[in-house]
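Chain naming follows the written order as A, B, C, D, E, F, G and H, and within any one chain the residues start at number 1.
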Amino acid sequence: MLKEAFIITDLLMIGGHSFQSRLILGSGKFSLAMIQAVIQHGEVEMVTLALRRANVGGEENILDYIPAGITLLPNTSGARNAGEAVRIARLAREMGCGDFIKLEVIHDSKYLLPDNYETVKATEILAKEGFTVMPYMYPDLNAARALVSAGAASVMPLGAPIGSNKGLCTKEFIRILVEEIDLPIIVDAGIGRPSQACEAMEMGVDAVMCNTAIATAGNIAQMAKSFKLAVEAGRLSYLAGLGRILDGRAEASSPMTGFLTEKD
Amino acid sequence: MLKEAFIITDLLMIGGHSFQSRLILGSGKFSLAMIQAVIQHGEVEMVTLALRRANVGGEENILDYIPAGITLLPNTSGARNAGEAVRIARLAREMGCGDFIKLEVIHDSKYLLPDNYETVKATEILAKEGFTVMPYMYPDLNAARALVSAGAASVMPLGAPIGSNKGLCTKEFIRILVEEIDLPIIVDAGIGRPSQACEAMEMGVDAVMCNTAIATAGNIAQMAKSFKLAVEAGRLSYLAGLGRILDGRAEASSPMTGFLTEKD
Amino acid sequence: MLKEAFIITDLLMIGGHSFQSRLILGSGKFSLAMIQAVIQHGEVEMVTLALRRANVGGEENILDYIPAGITLLPNTSGARNAGEAVRIARLAREMGCGDFIKLEVIHDSKYLLPDNYETVKATEILAKEGFTVMPYMYPDLNAARALVSAGAASVMPLGAPIGSNKGLCTKEFIRILVEEIDLPIIVDAGIGRPSQACEAMEMGVDAVMCNTAIATAGNIAQMAKSFKLAVEAGRLSYLAGLGRILDGRAEASSPMTGFLTEKD
Amino acid sequence: MLKEAFIITDLLMIGGHSFQSRLILGSGKFSLAMIQAVIQHGEVEMVTLALRRANVGGEENILDYIPAGITLLPNTSGARNAGEAVRIARLAREMGCGDFIKLEVIHDSKYLLPDNYETVKATEILAKEGFTVMPYMYPDLNAARALVSAGAASVMPLGAPIGSNKGLCTKEFIRILVEEIDLPIIVDAGIGRPSQACEAMEMGVDAVMCNTAIATAGNIAQMAKSFKLAVEAGRLSYLAGLGRILDGRAEASSPMTGFLTEKD
Amino acid sequence: MQCNGKTVLLPVPRTLQEFLLEQQYDCQAVAVERNGEIVVRAEYESTQLTDVDCLEIVRFVGGG
Amino acid sequence: MQCNGKTVLLPVPRTLQEFLLEQQYDCQAVAVERNGEIVVRAEYESTQLTDVDCLEIVRFVGGG
Amino acid sequence: MQCNGKTVLLPVPRTLQEFLLEQQYDCQAVAVERNGEIVVRAEYESTQLTDVDCLEIVRFVGGG
Amino acid sequence: MQCNGKTVLLPVPRTLQEFLLEQQYDCQAVAVERNGEIVVRAEYESTQLTDVDCLEIVRFVGGG
């Protein structure tokens, strides 16, 4: 039936892997106990993780809380230059959970804006080492082109500062990336509400990554489901083709044929 | 399971009837052949209709294209004052499809903006006659209060001029209606994209009516499904409780604990 | 010289009076001592006042603080229906400061939104009595037309709730008033920043009224001057004709002729 | 008198030169005959120029149309990398009109977005050679910091693609530059209306550069004056301190004391 | 007689029921107003039309 | 007598003019409504107040 | 020896394997960098630690 | 010789000064780059052009 038709055939391809879900979940700011419910309600297939120093003695292992079959996307948070990012990426891969890496290089602790230049350098190194590199980036067309040449598997432009829930502040420029860049475009950071994720997808973005908006919601499992639906809605409307916008006047949606008029 | 839990229990009540769907479909601008697919993919339970003069000889009957169980919401399009609206409403009810009436009184052919004053007058008359009156209105708090007193079953403020697909241009004032009016608030007219329907629902609106945005889409069945998902997403996020928005700086979603730092 | 040319000839006409200034000042929330500086720096020619019960014994008289030659625009604040507004207007005229009246009828203490219906009724009565009626209104095209018929000398649609400094939340609908209504359109309430006053004027609004934005500024005399300049800027750009907006790509402002190209 | 007081003392300092005007004019897209009127009505003190190959035989010299005392700001338009930009800058200085250079490095002919990386490289070289370097840049905080280290005299972030008149699409990030960068911030490119220039100045930007918005206006001299006033208005309001914005409700600007109330 | 804004001749007396059938209206799909008043279906047969009558015969169409 | 919502005693007969002066109102800065009707300045002297009168005496203040 | 930024004494010679077990690290849940180079799990046993070594022992945590 | 991207023949030896005058360039309104290096005005006269030279002769135009 048509309904199925237009869903099944629309897959997100990243580094040779395919995904039905276009919502990527960040696992920060959650209690481990909640993660599984969020993954289920969000129907996500990819979850980011961070690396930190292990403490002596038994600690809880977040991997025990993530269902099998979920693609793990370790990030390089904490890296302030290309060199540190590369070291963290290598450690992440050594964990034996695949070769995806969400590359982030940040040395500004106030706005946490990525350093595009260092990010391009690290992308080049890691791509050569066989990583599937998904760089978090400031949405600058020239930097995005450099990331393509450096071997990135996708670009992850920010919508607004990390954790701000401010939404698509970079709209005009993400639109340009969609137009010009031949890699999956994944809006990462800043998306605060499902309607914003939906709008990003309507613009033709390939996926949305979300963490804080869900983690700071009242009912996080419900919010995860809401984002899942909104991302799906946005994708469908992009595929369906949005209707035109009228500039001035209105246009009736009921026939304008004369009616009761002779009663005047 | 939680998933089901928060859906089943959330019904939209209008005039004593309850609905699971919060997307109301306008049937204008479609070929009759498409209506059923749109209803199915949009999972809508209420569809608007217009009344027009019957022509001599057999014509196709739109009712033959609408599945059983759908609540019909005839509108009074064509009415330029309360008197005409009342006559059209009575004719509509005589069609034997129930007592719902979408009241619209318009005498401006350029922007098709409703006349709140005439609308209040007609609401008073029709409510007394036992109609379930759902008035299309300009989002003016005082007019909305008058509609409540007049016996309206809901209020249907516009987002933008009919058929314009311009979106939530009246956002600030619909927010006030949500705050102050104790009737279902249904945004009608102007919603052009699923993300806009989603945002309206996030604000706490009870339902969204949509016609042109779907009718002018490339694939209208797919767009209907997209709106269905977006409305559901917006509703869920409203119930879940949206996260806070940061004004200035960012907030990390990965731990900020020192890491590799002694390497500097 | 051109410079003078296009200023001198552009006058605002209200009820047979002409004004060079298109910034109307509200005198609330100021210390009497500041009013003169605000009037001077804002180069305003019209100032609103309110009426309140006089107390026994000598009180300071605000009129002593307003330079000669300023047109006074008493408001009917406090009126909750047409009848009260009419009484206040008559008392105001009895003060002997002319027949201008800023009509406001409000019975909502939370959002202070005007009651268009009562406002139309009062306008009809006061216009017949020879007042120059300037009604504060909710920007509803149908109500604006009713005010025209009732004899208003201008319409004063709100941009946002009084004192909110939220800006032009009603932009789309004020644009419609500019298009359709043949009276001076004066945006009143909500304008919080000079750029917003400028934008309103760019849209073709005839004047802007401002009180809270100036009264809540750090340096109110300086802010008054800023609003004066912004209103003048917006007016000039409306008269000059704004340039087109490109939808997609860019357009060079330097010649694109080849240059140094053979060096590649 | 106060009026004078707060104007005279507020100068824009760039590379040791001081300016009273905060509106920089781009001279592209004008007929030479108009330039003088635009400079006069805009009261500008700095005008950009481009370099192009001279043709054999007598051509009109744009310098003959620019009044004495105007600071010339040659740009490096046409440069697609740091090397070309440096060559153009040196040629420009050889014209004997001072050491200001508006550095632009662009190799995208569709959106004309600057290449921040090449721009930083060229800034370093030219600053060492004693140029007063004013780089056109994509508003990326990390790139802006690199420009500071490289010796830039100001940063010129874009508001939207060159010539688009789209306005302050980069608002959130220019706000961050204002916060974090200790050089004059000059919004260049994209500003299409005086209200947008005013808003940029309200945010604390130090100056605005404008070309297309004036060149595409109906009456360009009048539009130049409008921009001059809007920039001045925005600057004054920034210095004066903008008033607070209310989130929800309204706040009366007339006393709320009971009045006529016993008549109820 | 006026019907939907057009003048219609009634050579011989007709009930509303007869008129609708003659004109091939689908009685189940229309509603009728006569001189500003609704005529319920049950009364189509007993409603005698005259030359001065003014009818509105309407049906549902797509509308938003 | 009611004046601005308060009860005021009128021991002896008074004209509006006398009352205003006694109460030290600035006649040039106020307007007066008596029992819902405006009293023009010219009639202050000739206006005799009574116990059943209801006055509103108002003045200008700052307002937006 | 340096381990995760802290100084650790190695009284007797130790392999990385022994060290991790002693310190009760979960070998399956960590990755190890030694003097800036990754140590693959297969080499934990054959990796002899010395006083001048610098280890980073990391694990996954929640992050966005 | 190359000049502004075009090939120019130099029949007889020329200084830059002579060349510019011959070609009717306004020396006060142009700047010259020769083989990638700036030539300052003071050296126009002493600069001998050769067939292998590559000149860029530029002037100011309107630009944003």
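Everything that follows uses one rule, which is that contacts are C-beta pairs under 8 Å (C-beta built on N, C-alpha and C of every residue); 3 or more make two chains touch, one makes a residue touch a chain.
A quick note: this is a predicted structure, and the numbers were derived from the prediction, not measured.
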item: Minimum number of chain-to-chain touching steps separating subunit G from subunit H; value: 3
item: Intersection of contact partners for subunit B and subunit H; value: C
item: Distance from subunit G to subunit F - Cα centre to Cα centre, in angstrom; value: 94
item: Centre-to-centre distance between subunit G and subunit C (centres being mean Cα positions), rounded to whole Å; value: 72
item: Separation of subunit A from subunit C, taking each centre as the mean of its C-alpha atoms, in whole Å; value: 45
item: Subunit B and subunit C: spacing of chain centres that average the CA atoms, whole Å; value: 34
item: Of all residues in subunit E, the ones touching two or more other chains; value: 5, 36, 56, 61-64
item: Junction residues of subunit D - those touching two or more other chains; value: 26, 28-29, 50-53, 75, 77, 87, 110-111, 113, 162-163, 166, 211-212, 252-255, 260, 263
item: All chain pairs that touch each other; value: A-B, A-D, A-E, A-G, B-C, B-E, B-G, C-D, C-F, C-H, D-F, D-H
item: Complex contacts: residues of subunit B adjacent to subunit C; value: 107-108, 110-111, 113-117, 138, 140-143, 146, 160, 166, 169-173, 176, 180
item: For the subunit A and subunit G complex, residues of the former touching the latter; value: 26-30, 32, 35, 48-54, 56-59, 61-63, 72, 74-75, 77, 87, 90-92, 94-95, 97, 162-163, 189, 209, 211-212
item: Subunit F residues within the subunit D interface of the complex; value: 2, 5, 36, 56, 61-64
item: Parts of subunit F lying in touch with subunit C, wherever the complex brings them together; value: 4-5, 23-26, 29-33, 36, 38, 40-41, 56-64
item: Residues of subunit B touching subunit A in the complex; value: 2-3, 6, 26, 28-29, 37, 40-41, 50-53, 75, 77-79, 84, 87-88, 109-113, 161-166, 192-196, 198-199, 202, 211-223, 225-230, 232-234, 236-237, 239-246, 249-257, 259-260, 263
